[in-house]
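Two complexes follow with chain A in common, the first pairing it with chain B and the second with chain C.
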Partner chain A sequence: MSTATPTAKKASGIAGSVETEKAAQRSPFARFTPQQISGAVPAVLFVVLFVVMISVQGQFSSSLLQTVLETTVPLMLVGFGQTLVILTRGIDLSVGGIFSLSTALIATKMTGDGDMVLWIPLVILIGLAAGAINGLLIVRTRMQPFIVTLASWSVFSGLALLALPTEGGSVAPGLTSALSGSALVPKALILALVLVVVWIVLRRTRFGTAILSVGSSEAAAKLNDVPVDRTKIIVYALSGMFAALGALYYVAVLTFSGSPVAGDPFILQSVAAVVIGGTSLAGGRGSLIGTILGALSLSMIAQIVFFSGAESYWSQFVQGMLILGAVLLFAVVELVIRRRNPNATEEA
Partner chain B sequence: MSHQVDPNAAGWDLQALDMHKSYGKVTALADATLKARYGEVHALLGENGAGKSTMCKIISGSVRPDEGRLLLGGEEIRTASVGEAMRHGIGTVFQELSLLPDLSVAENMFIGGGAPRMAAGLVDRRAARRRTQQIFDELGIADIDPRSPAGSLPLAQQQLVEIAKVISRKPKILILDEATSTLPRQDVLWLFDIVRRLRDEGTAVFLISHRLREAFELADRITVFRNGTDAKTGPIDEFTEDSLVEAMLGRELGGSLEQRPPEPTPEVRLEVRGLSAGTRFRDVSLDVHKGEIFGLAGLQGQGQTPLLQALYGWTRSSGEVVLDGKALDLRSPRQAIRAGIALVPEDRRTEGLALEMSIRDNLTLPTLRRHMSLKTLISPRREDAFAEHLARSLSVKAGSLEDDVSSLSGGNQQKVMLGKALSAGAKLLLFVDITRGVDVGTKAEIFALMRRLAGEGTSILFYSSDATELVSMCHRVAVMFDHTIATVLEGAALTERNIVQASVSGRVAATTEVAS
Partner chain C sequence: MSVATTADAPAATPAARSRYGESGWRRRQTPILFAWGLMLLLFIVVSIFQPGFRSNNNIRSIIDQSMILGVVGLGQTLVIICRGIDLSVPAMMGVAGVVLTRHGQSGGDVLAAIAVIVPIAIVLGLVNGLSVAFLRAPSIVVTLATNTLVLGALLVWTSGAGSQTGGAPAKLFRTLSTGHLGSFSVSGIVWLGVALVAIIGLTATRFGRHVYAVGNNPVAARLSGVSVIRTVVSVYVISALCSALGGMLLAGYLNQTFPNMGSEYLFTSIAVVLIGGASILGGTGNYAGTIAGALTLSILGGVLAILNLGPAYLRILYGVLIFTTVGLGTLLARRGGGRRE
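Moving on to the complex of A and B:
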C-alpha cells in the first residue's frame, strides 16, 4: 500500500467519528445496538408484569409460577417455530391447524402407554411433514406465506375434525406423568431453559445465520451463497414440528383430551408473542428469548386479570393493548436508530 | 510496471465466449466475449444497459447465461452459483452490495464460509470479530466496528466492508462492479492502491466504472460494451478519452458534457439564513439566483444530503428559508412541493420510485389531482397524454409506459425521477448526487436538461460527489466542511483542485499542495 493511504483514510475517519460521538451525547439509546434495545424491551416488560402479578396476588408462591410456566409451554413451543419463520420474513398461520390435528391424533390414537412408542414420533413427524409441505409450496410456487399457510391451516383443521369431530378422547397417563412437573422438579422451567439453549446454539450455526440472512435480504443472501430455498423449507418444517410438540405438552399436561379447534388461539397468540418479544415482522432481526418472555407476559396478564377479580374478558383487552404498546415502542426505537444514522440504508 | 500486454498472444486465463442472455424480450447480452489475464486490470466500460454488468454477473455466478462458455485456464467451468464461482477463485464486489443489513459486520465478513469455529463446530463470535478487525487493520480501514449491524453503516462504509469481505477471500479473479460509485475520492485512491497490489501479485481484476478517469488511472486493458456486446477491446494505450466515449456511444458526443449553462439572472430565488439541523449541518447561509445552478461539494457526510433534505421539509431544521420573497415553514415534503420545491434523491430505488408500478403511474403520481375528472376519478386519457408528453421530453427509453419502472435501466429510472420532480412545476430543484452510477450518455442528457431548465429560470441546488461535474455545470459551488459551508467558489476560483482542497481542509490556499 502506498504512503498516501493512512492520511487519506484519516480524513474520512475523523469526519465519521465526530458525528457518532456527538450523536452519542444526544441520544440516550446511542450507546446500545438495535439488537440490545429490542432485547431489553421484552425483558423489562416481563419484570414489570411479574412484579404486578405477585403484588396483585399478595404473595409469592411457587405453585403460581408453576401454573404460569405450564400454561405457557405450548405457546413457547409454537412461538419457537413461529420465531424462526418470522425471522425469514415469513409467517405461519397453519400452526393452528397442525396443533389441532396433533391433539386429535394424540387423544384418539395414544390413549394407552403402549401407543406412545409409535405415536409420539409419528405425531412429531406428521407435524414436520405438514410444515415441510408449507415450505415446499412457498418456495416452489412463490406464493405468499400468508396465503399458503392460511389455506393449509384450513386443510389441517379439516383433517383434525375428521380424526376427532368433537372435543374428547384421552391421553396415555405415562405421558402426563412424564411431562408434569412438581414443586421439586419444575419441568416446565427446565423445558423453557432447554429451548433457550437450543436457540443460542442454533444462532451460532451456519443454519442460524442463514435464517437471519434470508429475512434480512433475500437477494443479498443469494449473492452470499446462502441456500435460501432450503432454509425456508426447513424453517416451515420446524414450525410444524414445534406445533406438534406444543400439542403433545398441551394434551398431556393441561387438557388430557383433544380438540379439533384447540390450536386456533395459538395462531395469533404465537405471532403476538413473537412481536412482543422484539422480533421484526420484516425479518432478519429478533430472538427466541424475546418470544419466550413475550409468551410469559401474555400468560401473566391473564393471571393478573384473574387475581384482580375483573371479568376475564379484560385479559384479551389488556393483551391487545400490550401488543400495541410493544409495537409502538419498537417503532420509536427504530426511529431513534434511524435518526442517529441518517445515511444508513434499511435495505441495500 | 512488470506486466506486458500483447493483444495477439494466446494464453488467456479467463475467457467468456459468445455469451447470450435475455430477460423476456430484452436482450442483455448478445454474442459477447470477454478475455482476461492474471496480473492485469481490465476495465469494462459502456452505457447503462450495454451488458457489462450482465457479463460480470455471469462470470460471478449470480446470473446464468442462456448460451455461452466460460473457460478458466483453458478448461470449461460452470458458475451456476456465487458459491461455485467463489470455489473457482472468482470474487465479486457487487454493485448492489451483498451485505445483509441485519447481520453484524463480522457475521457478514464470514457468511460465505471461513468463520472461525469452536470445537463443537459453532461460530466463535469473538474470534470472528478479532479476525475482522485484523482484516480491516491490514487493509487500512478505520472506524468500522465489527459488531455494528451492516445496515446501520453509511453507504460508503458498507462499500468498504463489501470490498474487504471479498478481498479477504483472496480471489484469483476479482470483479469490482461499480465499487467506487459510493466512495469519496480518498477511498477510491485507497482501493486503487489495493487493486494495484493485488494485480502485481497476479490477480486478474475486472473494473466496472462510469468514471473514465478511473479506467485510465488503473486499467491495463479496456473492453467497451455497446448494445449487449463487446464493441471494442484493447490495451489501454490504444484509447483516448474521446475515442472511448465515442466507442461507448457509437456516435460523437458533441462536447455536451462540457458546455456551460446560460448565465443566471440577478434576481434571488432562495435565501437561506443560519439553517441548522442538530449535528448534521449548522449555520448554513446561502443565496441561489433565478436560473442558477448552485453546486454543493465536500467529502461525504458533511451535511450536504441532510441540507437538501431539510430544504425539502424532510429533515427537521431551524433557521430562515425564503423562497421568492416568501418565508417558508418547512415541516413536510408536502409543504415544500406546494411552495415549488422538488427533490431528486440519491437512491432512486428506495426513496423516489414505486418500482412495482408502471412508468406512467410513477410519472403522474405527484400531479394526480390534475388528471382527474369530476375531481375524484382519475382520467386515464389525461394521465396517458401527460405521461407520454413527459416521457418524450425526457427521452425515456422504454418499451411501453405500462412497463414497471423496475424494468428500466438505472439512467432511465433517474429520468423518470426527474420527470416526477419537473411535472409538479418546481421553481427550485434539489439534486442529491443524481449522476452517481449514471452512464455518460444519460449524464449528458441530464446535463442538457439542467441547462435548459436553468435557462428557463429554474434554480437548481446540485450536490455531486464528482468535482469535475460541478466545475463544468455550476455557476457557483459551496464546499461543505465540518458540517457547514466552508467556502463558496466562483469564477476563476471554481476549479477542481480548489474544490478538492477545500473539501479536505475547509479552505483554499493557493500555495498548499493538494493531498491526494
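Moving on to the complex of A and C:
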C-alpha cells in the first residue's frame, strides 16, 4: 500500500507555506471559494435532476410539480431543523423519534376537526419541548450531541410505540384539505417558499449570526459574548419543533394515518439532505436553501426511477450513490480549504 | 503532567503516555467495570425474583442472543475507538445473510458464499476507510451513504423479495448461532474465541496500540510514525468483516434472511459500545466493555419479556441506559481530572 506518499506530501504542505499556496493554486477549485462550491453543487444537481425528470416523464405538468413538492415538504421541514443543528456543529438523531411520536399523537388524538384547536399547538409544543430537553442535556451534561440524541431518539420512539402500538389512526380531514392540493399554485410550493423566506430573515438576525459563530468556533463565540448555551438549546428545540411540523404535514397530506416508526427514515434522510445541500458537518458553513434543494433532489430521484419504469428499489441505490458522491466531493473541498489555511484546527 | 508509565507501555509517544499513565488507565477502566457491574447486578436481581432466569437454558439463550451483537459490536468498537462511526453495519449484514442463503444450503456452497461475501466486505470497508482516512470525509455521512447504496443494490439484486425462496441457511451457521455442546452453547465458545482475539489484538499488538494512538490524537500519532490512513482503513475493513460474520450468524439464528434483517443493529451496535464505556470522542474503550453491553441489552430484553412489556418499553430503557452509563462515565472522567473536550 502506498500510504507513505500522501502523508509525506501533507507534512511538507504544513511545513512550507509557499508550497501550500502553490498547491492551492494548482487545484481545480482554486478559483472558487468554498461557499461558492457548496452553493453551486446542490443547485447544479437540482437543475440536472429536474431536466432528467421532465425528459423521462415527457412533459412538465403542475401536478408533477405538486407531487414532487408534497412528498418533499416533510423532509424539508425536518431538514430545516437539522440544518440549524448541524450549523452549530451538532447533529440531531432524535428527529426520527420526535417525528414518530408526533405522528402517533396526531393519528390517535386529532381525528376530528374539533381536535385541531387543541392538538396542533400541543403537538408543536411537545416537539419543541422534546428538542429543548435534548439541548439542555447537551449543554448541561457536556455529553456529545450524537449520544444524547441517539438515546433520546430511542426514548421518543418508545413513547411513540406506547401511544400507537401499530400503524393506524386517522387525521382530521380539515387539516388535509387545508394543506394539500393547489389554489393558484400548489400549496406545497408556498410552504417551501415560506421556509426559504424564514431562513433568509433568520440568517440576518442576531440569532442567525450566533448559530454560525457557535458552529465556526465555540471558543471565539464565547469570547465575543455570544450566548453559546442558549443558542444551542434554542437550536435543538427548533429542530424538535420542525420534526413535529413535518409529522403534521406528513400525516395530513401523505399518509392520512399514523405509524409509530414513520420518523426513522427521516433521521438519515435529513442528514443526507443537509450534506447534499452543501452544509458542512464541521459547522459554521451552509444554507437551508441547499438543504431544500438536496431534499428535492432525493425525491426527484424516486420520481425519475418511478417514471422510467425501473423497480422502486433502484431509487435507494441511486440515492446512495448521490449521497456518497456529494460527501466525497465536499470532503475534497474541505481538504482544499484546509490546505489553504493550515492553521485551522484538525477535525476528528 | 506527571508521567507514570506502566511496564507494558510502549516507547514513549505522547499519545501512548497519556493512555498508559496510571491514573488515566484507572479512569478509563472505570466505565468498563461499571458496565460489567451493571450487567451482573441486573442478572442477579432478576435471578432472585425469577429463579428460572439463571437456568442453564436461559443463560444459553441470553448468550445466543447477544453473541451476534457482540460480533458486530467488535467492529463498531474499533471504529469508535478510532473516532469514527460505522452506519453501514445493517447493509453488510443483509448482504452476508442473503448471499449465504442463496448459495449456502449444502456444505460445499458455504465456501462459495463466503468467497462472495468476504470480497464485498473488504471493498465496503476500503471505501468507508479510504473516504474517512484519505479524504477526511465525516464517517457518519460516508457510512450512511454506503449503507444506503449497498442496501439499495441488495434490494435491486433480490427484487426486494429477500430469500424466502432461497430456503434456510446452511446448517453450519444454524449450529454456530444456536447449537450446544453438552451444556455449553456453541455461540458462547465462538464468542469467547472472538473476544480473546479482539482483546489480545487491542491490548498486546502493535495494531492495537496504533488504534488507540489514532483515536487519542491523530496528529500526534502521525508525527510519531503511526500510519493513520492504514490504521483507519484497517479498522473499517475489520468492521465490515465483523458485520459480514454477524449477518451470516444472524441468518443461522433467524433461520431465514431478508435484505433489511440487520436494520436494528444500526442502533444496538452503537449502543453496546457506548454502554460498554467507550467514548464517542475516540481513544478509549475496549472489547470487554462491549461484551458487557451486549449481555446487558439481551438481559434487559429477557426481563421485559418476563414482565410482559412490549418493545416500546425496551426502546425507552435502551435510551435511559445510554444516558445513565455515558453520563456517569463523563462524570467520572471529569472528576478523575484529565477532562476531555
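General remarks:
Keep this in mind: the second predicted complex is superposed on the first by the 299 of 348 C-alpha atoms of A that agree within 3 Å, B and C clash if a C-alpha of one lies under 4 Å from a C-alpha of the other, contacts with A are read in each partner's own complex, and residues count from 1 in each chain.
By our rule, a contact is a pair of C-beta atoms (placed from the backbone, for glycine too) under 8 Å apart; a residue touches a chain by one contact, two chains touch by 3 or more.
No experiment lies behind these values; they were computed from the predicted model shown.
Within the superposed three-chain model, A:Met321 lies in touch with chain C and out of touch with chain B [touch as defined at top]. In the overlay built on the shared chain, the residue A:Ser216 is in contact with chain B alone; chain C does not reach it. In the superposition on chain A, contact of A:Tyr313 is made with chain C only, not with chain B. Legend: residue contacts after superposition of the two complexes on their common chain; A:Leu150 is shown touching chain C, with no touch to chain B. Put simply, chain A uses residues 1, 4, 6-7, 346-348 to touch chain B in one complex and chain C in the other. Contact residues on chain A toward chain B in their complex (touch as defined above): 1-2, 4-13, 15-17, 19, 22-23, 26, 33-35, 201, 204-206, 209, 212-213, 215-217, 219-226, 280, 283-285, 337, 341-348.
Of all the residues in chain B, the ones that touch chain A in their complex are 62, 81-83, 86, 92, 94, 96-103, 107, 111-113, 121-123, 125, 140-143, 147-149, 151-158, 184, 186-187, 189-190, 193-194, 197, 278-280, 299-302, 305-306, 309, 315, 347, 350, 504, 515-516.
For chain A in complex with chain C, the touching residues are 1, 3-4, 6-7, 91, 137, 141-144, 146-148, 150-162, 165, 268, 271-272, 275, 281-282, 311, 313-321, 323-324, 327-328, 330-332, 334-335, 338, 346-348.
On chain C, the positions that touch chain A within their shared complex are 83, 85, 87, 127, 131, 134-138, 140-142, 144-153, 155-156, 159-160, 218-219, 222, 227-230, 267, 270-271, 274, 280-282, 310-320, 322-323, 326-327, 330, 334.
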